[in-house]
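Take a look at the structures below.
Shared between the two complexes below is subunit A, which has subunit B as its partner in the first and subunit C in the second.
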Partner chain A sequence: MEFDKKSLLKLGKLARISISDDKLNNLSTDLNSILEFVDQLKDIKTDQVDPTSNSLNQKLEVRDDKVDTKNSAEDILENAPEKEMDFFVVPKVIE
Partner chain B sequence: MVAQMIEGWNLVIGIEIHAQVNSKSKLFSSSPTDFGSKPNSQVSLIDAAMPGMLPVINKFCIEQAVKSGIGLNAKINKKSIFDRKNYFYQDLPQGYQISQYKDPIVGEGFVEIETENGQKKIGVERLHLEQDAGKSLHDQDPNFTFVDLNRSGIALMEIVSKPDMNSPEEAVEYVRKVRSILRYLGTCDGNMEQGSLRADVNVSVNKPGNELGTRCEIKNLNSFKFIHAAIVYEAKRQIKLIEQGDSVNQETRLFNTQSGETRSMRSKEDAHDYRYFPDPDLLPLTLDDDWIKGLQDSIPELPDQIKERFINEYSLSSYDANIIVSDKATSEYFEDVVKNRNPKLVTTWVTGELFSILNKKNLIIEDSPITSKQLGELVDSIENGKISNRQAKEVLEEMCESGKGALEIIDEKGLSQISDENEIESLVDNVLNSNPENVKKYKNGKDKLFGFFVGEAMKLSKGKANPKIVNDLIKKKLSQ
Partner chain C sequence: MKDSYTLKSLAVLLENNKISSKEVTSEYLKNIKNGKELNCYNTISQEKALIDAEKSDERRKSQNLRSKYDGIPIGIKDLFCTKGVTTTASSKILSNFIPNYESTVTQNCDDAGLISLGKLNCDEFAMGSTNKTSFFGSVKNPWKSVNSDNELVPGGSSGGSAAAVSSDLCVASLGTDTGGSIRQPASFTGTVGLKPSYGRVSRWGIVAFASSLDQAGPITKTVEDAAILLDIISGHDEKDSTSSVNPKENYYENLNSDIKGMKIGIPKEFRSDKLPVSTQNSWDECANLLKNNGAEIVDISLPHTMSALPAYYIIAPAEASSNLARYDGVRYGLRVKGNDLIDMYEKTRSEGFGDEVKRRILIGTYVLSSGYYDAYYIKAQKIRSLIKSDYVEAFKKVDAILTPSTPSTAFEIANEPSDPVQNYLNDIFTVPVNLAGLPGISIPFANDENNLPIGLQLITNSFEEQKLLNVARNIEETINYSETPEKWWLK
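Then we have the complex of A and B:
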């Protein structure tokens, strides 16, 4: 797998990170060397192994269905740059 | 009309139902799930995706998903995995939705629906657990969008059907059936107005024999009426495009409930590049056989089984049984009334008279002004001849207005039918004795006078005499 500039720009767009032209080359080189490093894993034979989604050999912790409200609307909105009538306010989104 | 328009075309419909799990707290946090609370008052630091917060799964939600899977005749997967579905949107603070992708908790199953051509099996592809997103309000301010995160993180079961439906009616029946099963199981309250159950509908059209057409997805339909209307509109739109020589774009569309039209959502470039990967915060979910077995044993009787039983036990027609079992509250009401009573009479009074009153008042059966016990008393009064069917209708309406019991109203209004044979016999004697001429004519062959005697006797009783007994007695006396 290799990251060309086009896929790098697409990834940036999906993550809402703008990448300036002068950084594009360096970033592409960096990412490709990371991928190259990870690509070594492909040399291991895994056709007899189930896909691993998590490397911890533990069971998923569960909790009971109990309500526990620790914070109010005021608390949760405290860090919001813009708020009004208990809502977060963001630039208009039209669909 | 729909059939005419679609004539010569195949309709292929697949549906994703989002059903909110009937839990007190959210899927991965302890925030409450109450509907209609003050904005952002049910948001924990996990729901708001504050840094360092870790999701812990709600055991009850896992149980409800498995129960629902059993109710949908589906395979329960003993190992399932939670994935991150990545996209950027203002009502999704995490920047990803925790969902299940390749390994859902429930696999393939099916439900049976009634169609005009008989029973039809609709395949279920899968059921998986996922988080709901927050709510965006676009109409509060001309320049800004307002966001309420109360819904963010609430547990949803996404139920994906196979593309097995071929008409808007089948699509509606399928959603009705799934909703009914979930309500019987108690895993989702099915309240569509409050958004507890909503449907995304995939529609495509093709000429019979040709390969499948390109499909469009219509999002977020929250009533049976809208599901039907959206499919009809969308099928017409696609047929028109193809007949004009244009092609259908695969896209997501919104249904405008005011105009009844669907329109394209502003096409989101790369919108479908969700870059799913297993959520590193959550280990695989494993279920053991005994636990699944325990849930299987706790499954209540479901609509298909109850229907079977009603048909066998109470000799209901398939049609009546279907109407009664389609809603859990209705079947419970019916069973309360029918115990030790005449099933035919009870069916008529529940699906006929009671339903028509509820419809008129726009009430659901849970809010019926007449309890099952009260309706039972009314049916008893008909059965034991105390009042006639016609009188019973009057009594039912009065019960509904006043909240009084049937017996009380019958007493008050002096409606009680006279069924005492001695009393009726003296009435009949009275009529026959005061009309000797007519008795003679009758005996000489003027049969039509029979009705006259019955009429006179009824008049004498002020309409209260049991007509059957009156008839029998007059017949007996005149033949002597």
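Then we have the complex of A and C:
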């Protein structure tokens, strides 16, 4: 049993998702079920195996260092929930 | 509509001036309106589609066509960013998002003159196998069991894309596939769904779920149409650093259904007592058919098959938790007011994401967190290497692998299991293909005793889409599957 109330709330903090009390029980059942499912991998020997992060065997290409005019401040801010001049506005961070 | 159009058949009708783009686009917009109950579309681009269709007709008159397929209307999964058209990923958190840029794939479609009818419903952030996780509600499968009037899931996550093709709400559609999201719904709806090799199609401008697994691909009525649409959307894109520099082929032009001398592998690990008899029979019949058509059937082993799904449910949530960190209420999407910055983040994400997305973010955060990273994330990546090497070995012996696409045919919306792990099992046959980065296609083979489509999956080695399509075409040509759902929503 990995996910109890305390560890779930901590996980929620890490993931920046608030979890209400009425959701805790179901969530704990679901996540424990998923964890139990993936835990079956523990029985497989992998000491001599290298990890694969990406299936494509290709060197990352370097693009030409060209100037273009896409992504203007105006474009980037277009969907901002709150903006002022050329800035995103967020709740006050420093007192 | 008298006949079901395909990309191929419409191209001929348009060329011979038997129909105009505006006429055919209007016809499909009418179908969409009449098929509203199916809930396939999140956004219908009525006005834009008609304007674009008129422009296409003008191009045809002035012999200035963008491609042979100029003027054909398609549907686009609501995961592709489309300039000026709402792109939601079927999530509340993006429900007001209007991109000011166009994904490479949809740009390629526009460059070929295809008309977008609108954005197709899907599971939220493409996480799901039933389309039930969509903020905009379930899509209904156009198919119904002969024994019941109950509504069935279309599969997912590209449920809207598959259901819309099956019910003639578009000629063809674009989907994405991270663990089976094109092939599984194609299987549930009697359509053809192709997941290309990782890197074959640009991911630029597609809402990211699990970046090392995501691939866009076509859902169509025929294998020929899949080849046509793959020709249009694939190729190198400098905006996606994981897009392959391998030159693409002319898949449609080079389509060749001769499979004489080919070796087709049947993996023993995919056999199961739990497989419905009708699916097992279809699988056997298809192997026989390929044998009769000149191929050699070879028993093979993919020993780590059963480890693919648990590995996937570590890797995909891990990547999702990173990718979805961007939804914080600052730059775009939903913002819920909070007492301070952290409170704003937490409330925004709590209200903006649905339950399945939250589960995956939390699991992903867990497997990446200090103390668990090696035991889960690195472990899963090592398993991924084992799965990949299974296929490397297999493709030394065979040209293609034949399996069922799904462990069942479409099931009732009301019968979706409440345990998430039970739902994950829907993708048991499709997930290994994503982990290994291979191309896979689901084609309809027959209908089961309830008159529901059974899909079979073909898999080839990386970047062997041509071979994949050739074998699929061979099967299609031989069986000539032509079942269509009864259009109950018109009554």
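Quick note on the criterion: the second predicted complex is superposed on the first by the 82 of 95 C-alpha atoms of A that agree within 3 Å, B and C clash if a C-alpha of one lies under 4 Å from a C-alpha of the other, contacts with A are read in each partner's own complex, and residues count from 1 in each chain.
To be clear about the criterion, a residue touches a chain if its C-beta (ideal position, glycine included) is under 8 Å from a C-beta of that chain, and two chains touch if they have at least 3 such contacts.
All values derive from a computational prediction rather than experimental measurement.
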Inset, instruction - In the overlay, answer first, second, both or neither for which of subunit B and subunit C A:D65 touches. - result: first
Legend entry - Which superposed partner A:S53 touches (first subunit B, second subunit C, both, neither): both
Inset, instruction - Please indicate which partner A:L14 is in contact with in the superposed arrangement: first for subunit B, second for subunit C, both, or neither. - result: both
Inset, instruction - Return first, second, both or neither, reflecting whether A:M85 touches subunit B, subunit C, both chains, or no partner chain. - result: first
Inset, instruction - Could you look at A:A73 and tell me whether it touches subunit B, subunit C, both or neither (first, second, both, neither)? - result: first
Inset, instruction - In the overlay, answer first, second, both or neither for which of subunit B and subunit C A:I94 touches. - result: first
Legend entry - Dominant toucher of subunit A (residue count), subunit B or subunit C: C
Inset, instruction - Would you mind listing the overlap between the subunit B footprint and the subunit C footprint on subunit A? - result: 13-16, 53-54, 56, 58, 60-61, 63, 76, 82, 88, 90-93
Inset, instruction - Flag every residue of subunit A that touches subunit C in the complex, lowest number first. - result: 2, 8, 11-20, 27, 30-31, 33-42, 44, 46, 49-56, 58, 60-61, 63, 75-76, 78-82, 88, 90-93
Legend entry - subunit C residues touching subunit A - in the complex, by the definition given at the top: 96-101, 198-199, 212, 238, 241-242, 244-245, 304, 307, 309-311, 313-314, 321, 325, 328-335, 338-347, 349-350, 353, 358-359, 361-363, 365-367, 369, 375-376, 378-386, 388, 419-421, 424, 435-438, 462
Inset, instruction - Over in the complex, which subunit B residues touch subunit A? Could you list them? - result: 23-25, 30-32, 38-45, 48, 56-62, 81, 86, 88, 90, 103, 136-138, 140-149, 254, 265-266, 270, 273, 275, 278, 280, 282-286
Legend entry - Touching residues (chain side subunit A, partner subunit B) in the complex: 10, 13-16, 53-54, 56, 58-73, 76-77, 82, 84-95
